Structure formats: C-alpha cells, structure tokens
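To keep things simple, chains are lettered A, B, C and D as they appear, and every chain counts its residues starting from 1.
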Amino acid sequence: MVLDVVWAVKWLTLCAQAMAEHRVELIELDRAIGDSDHGENMDRGFQAVLDKLAEAAPETPGAALKLTAMTLMSKVGGAAGPLYGTAFLRAAAALGDSAEIEPAAWAGALAAARDGIVARGKAEPGDKTMVDAWTPAAEAARAAAENGGPDVLTVLVAAAEAAEAGAVATDPLMARKGRASYLGERSIGHRDPGAASTALILRAAVGAAA
Amino acid sequence: MVLDVVWAVKWLTLCAQAMAEHRVELIELDRAIGDSDHGENMDRGFQAVLDKLAEAAPETPGAALKLTAMTLMSKVGGAAGPLYGTAFLRAAAALGDSAEIEPAAWAGALAAARDGIVARGKAEPGDKTMVDAWTPAAEAARAAAENGGPDVLTVLVAAAEAAEAGAVATDPLMARKGRASYLGERSIGHRDPGAASTALILRAAVGAAA
Amino acid sequence: MKKLINDPRSVVEESVQGFGLAHAGLVTVSTDPTFITRKEAPVNRKVGLVSGGGSGHEPLHAGFVGQGMLDAAVPGAVFTSPTPDQILPATLAVNSGAGVVHIVKNYTGDVLNFETAAELAEAEGVSVRTVLVNDDVAVEDSLYTAGRRGVGGTLLVEKIAGAAAERGDDLESVAGIGERVNANVGTMGVALSACTVPHAGSPSFDLGEDEIEIGIGIHGEPGRHRIPMENADGITERLLEPVLGDLKVQPGDKVLLFVNGMGGTPLSELYIVYRRAAQILADRGAVVERSLVGNYITALEMQGCSISVLRLDDELTELWDAPVHTAALRWGV
Amino acid sequence: MKKLINDPRSVVEESVQGFGLAHAGLVTVSTDPTFITRKEAPVNRKVGLVSGGGSGHEPLHAGFVGQGMLDAAVPGAVFTSPTPDQILPATLAVNSGAGVVHIVKNYTGDVLNFETAAELAEAEGVSVRTVLVNDDVAVEDSLYTAGRRGVGGTLLVEKIAGAAAERGDDLESVAGIGERVNANVGTMGVALSACTVPHAGSPSFDLGEDEIEIGIGIHGEPGRHRIPMENADGITERLLEPVLGDLKVQPGDKVLLFVNGMGGTPLSELYIVYRRAAQILADRGAVVERSLVGNYITALEMQGCSISVLRLDDELTELWDAPVHTAALRWGV
C-alpha cells in the first residue's frame, strides 16, 4: 500500500461518505452544546469536495488536499470551514508535490494541519475543540512513524485511534473556545462535534488504505 | 316566593358565580368552534355586574336588569356582549318599574329578551346560537305561566330546563351564524357556547328563588 | 404554553401601556376605557379613521395609528371585539367635524359593537360611515355563514383610506375608497400550528405533526378544512388560486401582493411563500406593482401565513405610496 | 416541527430569492455565491458597509440593506457563518474606493470567515476595517470563553455606522462610530422555547413547560442557565439589571431601549417587556430618548426576547435619527 493520489481521492470519498452517514449524529452533538449545524456543514462541504474531484483530477495527494481545502473553505462556513480549510491547506503544503507519502511525511502533514488549526483558532489542548483530536493524532502518527518504520497503515491506524480517543476524552471537558464555551459548565458531559468529525476523517484515511 | 329586587340581585349574583365556575367549560366549548373567549368574556362581564350592584342598589328588578344590560354591553365585548346586553335591556323594559314579577310578566320578559337577541343578531332557531336556548325557554315559560297559574318557581324551572335542553340540542346542528359558522360542517357535534351560558343564566334564576 | 406576560387579565392593558411608552411621540393612550389616538387628533378638517377589534393581532390596529393611516385604534380583550364604551369616546376624540369612518372587520361581535357605537356617536352629532372589511375568500358569503371575514385586507383598507383622509377627501369619499379596496382584495390563510389565548392556556385547536389547517381566520379558530402537510410551494398555490379566482385576476392586471405572517412563522419562510406567489402571478400575466411581507395581522404566536392580493388602479397605487408614519408601517416621512 | 419550506437545503436560496423579488427596487440579489447589495452599490465616494452571518435571524442582515444602513449582506446557511467566497465579492461590489467596513458579530466562525475575506480584499487593493460586535453581557469575556457574542446590538451598530457612512465619514471614522456604539451597548436574552433548524428537524434544546433559558444567544443554543418560569416583569428585571450593571448606567444618562423578539413571541408581549424595562430605567433616573420594539434579530421561531440598552450621546442620537430606507427599518425617507 502506498499513499498516492488514488489513495488520497479514495480517502476524500470515504470522508464524504462518513459525513453523510454521520450527519445526524454530528448535528445531534452540535445540538447539545452548539447550534445544530456541524453535521450539515461537513456533509455539504464534503459533497462539494466530491463534485470538485469529479471535475478536476488532481495529480498528487497534495493537489487533492489543496482542492479539498479550498472547497471546504468556500462551502462549509461556520467555525469548521476555515479551520478544516486551513488544516487541509497546511497539510497540502507540507506534502508538496510528491507523488507518494511516506509515513514520516504523513505524520508531518498531520502536525502541520494541527498547527494550522491552532494558529487560526487559538485553541489549546483541553479547550474541548477539534484540537483535542488533532493533537493526539499528530503525536501518535509521529511516534508510529518513528518506531514502526515503513508500514504506513500502522501510522494511519495510530492517528485514527488517537483521534477517536481524543474525541471521547472531550466529553468531561468544559469548553473554552467556540460556541460551546458560551455554555460554561453546561458543556461538560458532551462530546465536541469537531473532535468527532476529525476522528471520522482520520478513520476514513485508514479505510482508504485498507 | 316573590320575584322582587332581592331575588333579582341574588339571581345576578348566582349568574356571576356560575360564570366563574363554568368559565373554563365555556372557554372549552368556544375553543372547539370559536375563539376560546366566551367563558372569559362572560366571567369578566358578570364580575363587573357584581361590582355595579355593590355600588348602586337598584330598587326594582327592572332596574337591576337594566344595570346588568349596560354593564354587559360595556364589559363583555365580542358577539355575546351586545346580544346579552340587548336581552337584559329588553327584559328590563318589559318589566317596567314593577316591584314584583308575576309569572306571566317573567314569561314576557324572556320573550322580549329573545326577540331582542334575534333583532340584533338576525339568527333563526336552528342556526346553533344562544337563540336556540332562549327560544324554547321563552316558550316554556309562557306555557307554564298559562297553565301553571301563580307558582313562579314552576315557570322559572320550566324556562331553565327548556334552555338546558335547547343548549344540548345545538350539538348536532351546523352553525349558520356567529364565528362557528366559518367552520361549516366542522361545527357539527359541538355545543354552542352562548346557548350553554344562557342555560346557566336561566338555571341561576331558579337557584335565586329556591 | 409559556408567555411573556404577568397576568392573563392584564395582558392588553400592560401591552398597550408599553406601546404608549415606546411610541409616545406618535400616539396617546387613553385608559378606562382603553383606546389609542394619534398624537395630533383630532386633525383639523380631516375625516377621522377609527378601527379596532380583539387584541392578539398586533401590530394591527394600534401599530397603524398615525399620519396617513388611523386616527384611533380600539383594542378589545384578546380575540374579543371592543365595546361601544371604548369605541364611542375614540370616535368623539378623532372627530374634527368632518365625520368619522369606522373600519370594521366582518365578525358578528365587531359589527354589533361598532354599530352601537356609531348610533351613539350619531346621537352626539358625529357623522359616521362604516366600511366593512370582508376579504377572506375561504368563507363563502351565504345564508349559511356570518359572511366573509375581515383578515389581511384590513391593513390595505386602513392604509389606503387613511391616505385618502390625509389628502383631504370628505367622509363619503374616504369611505368609498375604503370600500373600493375591500371590493378588490382577497385573502386566504393557513395555520401550521394553533395559538394559545392567554386566559385559555391551551392551544386553540389540536393539529397533528403532519396536518395543516387551510382557510383559517385570525382568531385561532380552526379553518375550513384540514389537509396533510405540504411544502411551501404547494401551500402557496392552494392559498393563492382561490384568491385569484375570486378576484378574477386577468393578464395585465396590476396588483399588490401581501404575504402576512400569523406571528410565529420566521420571516425567511414568508419570503419563500412570497417567491412562489410572485411566480404564480407572473405566470398569469399579472404585474406585481407593490408588495408587503411581514407579520402585520397576527393571531398571537400562530404559525402560518395569509396571502392577500389587491387589484390596483392608479389612484389606489398613489394612495398606497403616500407617506405614512405609524409604529408598524412607515414610509415617505 | 412543520415549516413553510420546500427543502431544508434550499431554504436560504429560495428565501433570498423571494426577498429580492419583494424588494426589487431596493436591493440586488447575487447568486452563486449568494449576497445582497444595495441597488445603487457602489455608492460614489461612500464607505461601503458589509455585514453577514448565518441565516435564520431575519430580517437581519438583508433586511437592513439600503440607504443609510448596509451596502451588502452576506447570508450563510442557517446558523452558519458565510464563507469568504461570498464575503469577498460582496466587499468588492460595494467598494467605491473609500474602503469597506465589515460589521462582524463575534462568533468564531464569523470572525474567521470575515478575516479571510478581508485579507483577500486587501490583497485586491480594498481597505477593510472590521467592527466586531460583542454586546451580549450574558457571556463573560475571559480566557474561558470565545468572548462576548454579538446579538441585539448589531442592528444599532449597523444603523448608526450606516448613517455615518451616508453622511460622508471616512473609513476610520465610520469604523470608529461603529466601535463607539458597540462599546456603549449591552444586551441580554431569554428563551421560552427552542427553535428548530430546518436541516436538524428537532428543537435545538428541550425545555420543560415551566422552565426558561436565561442568557441565550441567537443560534438556538442553550443559555447560561435555566430557571423556573417567571412572569414578564420578573424576566425583564433579570435581563435588564446585568445590562445596566455592565454599562454602568447613571442617573441622567440618555439611552435607546431596544426590545427585540426572537421570532415566535407576539409583539404584544414584547410591549409588556418594554413597559417594565422603561419603568426600571425611569426608576434609575435614565432617560429613554429612543426606542425600538419588534422582531429584528431573530432565531427562527424561537419564543423569547432580548433587551438592549445603548447609551446615547448627541451624535449617536443624530445618526440614529438620520434617514434610513431598508426593507425592515425605514424612516425619514
């Protein structure tokens, strides 16, 4: 298995599928501590990514991610649009125009994505945002790439699992950024929708490689 | 038992009591085929009558009814206000300034009240309005006064029972006057609120004499 | 049903007080009996315009008191027409000697109470002409009903007759203009949910999650019939077609299109209805010359809307465009 | 929850189309991407004003496009801030060369999307100044929140900055006026019921028959806390006191009092709230010089309201009074 543009397109396709499937669930998460739109926004955004991918055939994984970034930026709106847009843009930049992604490069792309989100949103780990999924994911990917050597699937899996655990770990947190922060203590006991969608995205990356 | 001003004041007091007690029931009847205000309107109106009676001490039954007419006219509003206002006004006029009401005079007052309602509202019997309670009541009072001789209670009871039967008999009718007429066939199967309040008023007249 | 009120029995009084405080430059609020007059009333030589009816339809009527529209509004209890002892002093207060027009929505209660007040006013030497508004095409005007109701068209009658009075028309002419508006307007409404009268406490009717009431009035009463829920375009067609049929709208006719919210429907949805209504009128070759979209004649927090179409002529258009300065409708000033 | 819509995904598009049809003389609607501009935009030498945000708050913002207020409004999906690819062309369309002010409600999404659009516009040579509105006193501005939200005060910023732009103020000055309004306005809201986002289909939160949410925003999110239902006077005190505390309103201060409906509350109830709010201000010795009551910044069909107080000075009052001609706010013209 190599992470080439075919994988990238499959990944994004699976992302779109996951958002459609989990649309209601993400809306419900956002309903509890936000404004009930996260699932709708992500679904709309990734459907638009599918349309774009059908029009333009990107030649590298980086190009696919850049196109995704631009599309999410212009179709998602809300907080998630610019944040995911930045994440994919930074990841694309990190990957450059290489045709295949090595494990270390993937870990680097995730770190760049995470840093982009932090740069734009100013959230810290523990603020109950998508950062709480991206941070452990980037960390786990780096560790797996360092230890696990060339097996890229291991790295993808490590990132996905860490993101999922990170999303679950937002449950007991009190939100300090984003719309959920208005709720103060009432945000405790609910999962952050953006962390949940991050976990879906990184799980789709595994699926595309399987 | 004589129907003098003491009786009249007691009657009106019992009317106020009945409207307060049956307020919700009359609202519910009006909710089904009208606009949910009949009980509220009648309750407000008769409470105002009580206030007026406390201020001015009318000297004859006719004066008490005239005061009631003016108060209902200015406090009830809606269709019921002018109609009951006219009814009490016509009844008061029929009674003149006699100190005691004979059975025949009472029957005459009811007939005058009924005619007043018809003159103002242009409803015919069977249109599913308060006319369907007043008409049999006036009729029964007349018959009882003619047959029963001097026992005034018999006349009051006859009128009350006829009004109650008349109100029940509005259930299967289709409304052709008032707000319920907008419902067309959907008004069938519900009791007319104004007929129901008429029955309460004429029942109170019995109570005041008992 | 929760409401932002203190006591069901003081709703009208307190609301009118608040209205008076918020629009102190525009209106005077009289209490005991309650009515609202234009600050400058009576306006020298001008025909006075009085309207009124049950409360719960705000901004109708108090919101339309002011320059170029009503001289007085007389609010009854919620959904209950006001009484002659309110209507009479309001009539006297706005009479400058040129007479007074009563604009009355056709409901038994409103008709009877205004009728009495008009008689009393005449007895005091005031000439009164009554314009009866009965634009609701859902109700057949027949022996078997109390006649068509006055609904959305009321605003149009009040605005246009108000402009005629403001330009100096005499009593007959103002009343005549009002009647011309009434003769050329048709309205039909829908409810997606019922409203709750404060003193009643429970919804005015029960409607399933997938049902709507077609041909409703503005008092929370059920409509002519109940149908399964449809989409906005379908509902719009259902409301507009009978109106156009009733008015016999022809290609080339110039019309005013008024989409009125019942109180609880978001403005965005009213514009979705407007969109389809405008398309239908365009398909028919009618020209929408003027439009109005918003919550103007409401039934408390009922969800739903009504569509009114008024056939315009040059004079009616000019009078519609004339300056108006009220709490709820204002332009040109 | 029934809605007068065709398809949850076309709500904004169709509603904006309807808005464009109803107000064709006033605005131009651009589609793909969607934004609404004042008919005469760009207005010669005038600073352009652009605002926007999620849909569902109508008439905000499109209803405030026109003379003396906004030059463009950019509607996102329901409760979702718009995207830079909408905000950028709207910004370019209203730039006469005098620069453009972005009026942005303080939400993460709005801030980020407008920020990107402003950067892109600057890259195309347009000077952009951003006025951030954060008047909601329910949210503490601290390390532990995303900062105070922009709510009812937004209308006041748009109106007054719009008047400054209309009289010819330059970019810095228009933005400065907007910031002055924001610094002098405080708002707090209550919900008696939740709203239902069309694509979500169920209410945004569940509230018992005897509970209310205090300190809500305008996106159907729950508030700061939930309390048992109270009467209108009690609720009014609860909303107004923190606002007056935050603004440190002193005896003799002149203020504008704005009671805003969340969409599903009858106007009559808003006046009951206004009444008590005016009494409290009078008790404090504050002078209510201007007032506004109505559904202007809504959360779909949510029941509830917000109270905003703006401390006025002579210039702000003059700018408030300046002519405005938009679909939802109009006077002096």
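Keep in mind that, in the parts below, a residue touches a chain if its C-beta (ideal position, glycine included) is under 8 Å from a C-beta of that chain, and two chains touch if they have at least 3 such contacts.
Just so it is clear, the structure is predicted and the values come from calculations on it, not from any experiment.
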Touching both chain A and chain D (chains): none
Mean-CA-position distance for chain D and chain B (Å): 54
Roughly how far is chain A from chain B, going centre to centre by Cα mean, in whole Å? 74
If you average the Cα atoms of chain B and of chain C to get two centres, how far apart are those centres in Å? 32
How are the chains arranged in terms of who touches whom: line, ring, star, complete or other? line
Spell out all pairs of chains that touch, sorted by label. A-D, B-C, C-D
Chain D-touching residues of chain C, taken from the complex the two chains share: 2-7, 11-12, 14-19, 21-23, 55-56, 58-59, 63, 192-193, 209-210, 212, 229, 231-233, 235, 257, 259, 263-276, 278, 288, 291, 293, 295, 298, 300-301, 303-305, 330-333
Contacts from chain A onto chain D in the complex sit at residues 27, 31, 33-37, 40-41, 44, 73-83, 120-121, 174, 176-179, 181-184, 186
Name, in rising order, each residue of chain D that touches chain A in their complex. 9, 33, 54, 76-85, 107-109, 112-113, 115-116, 138-139, 143-146, 149, 197, 199-200, 202, 204-205, 217, 219-222, 224-225
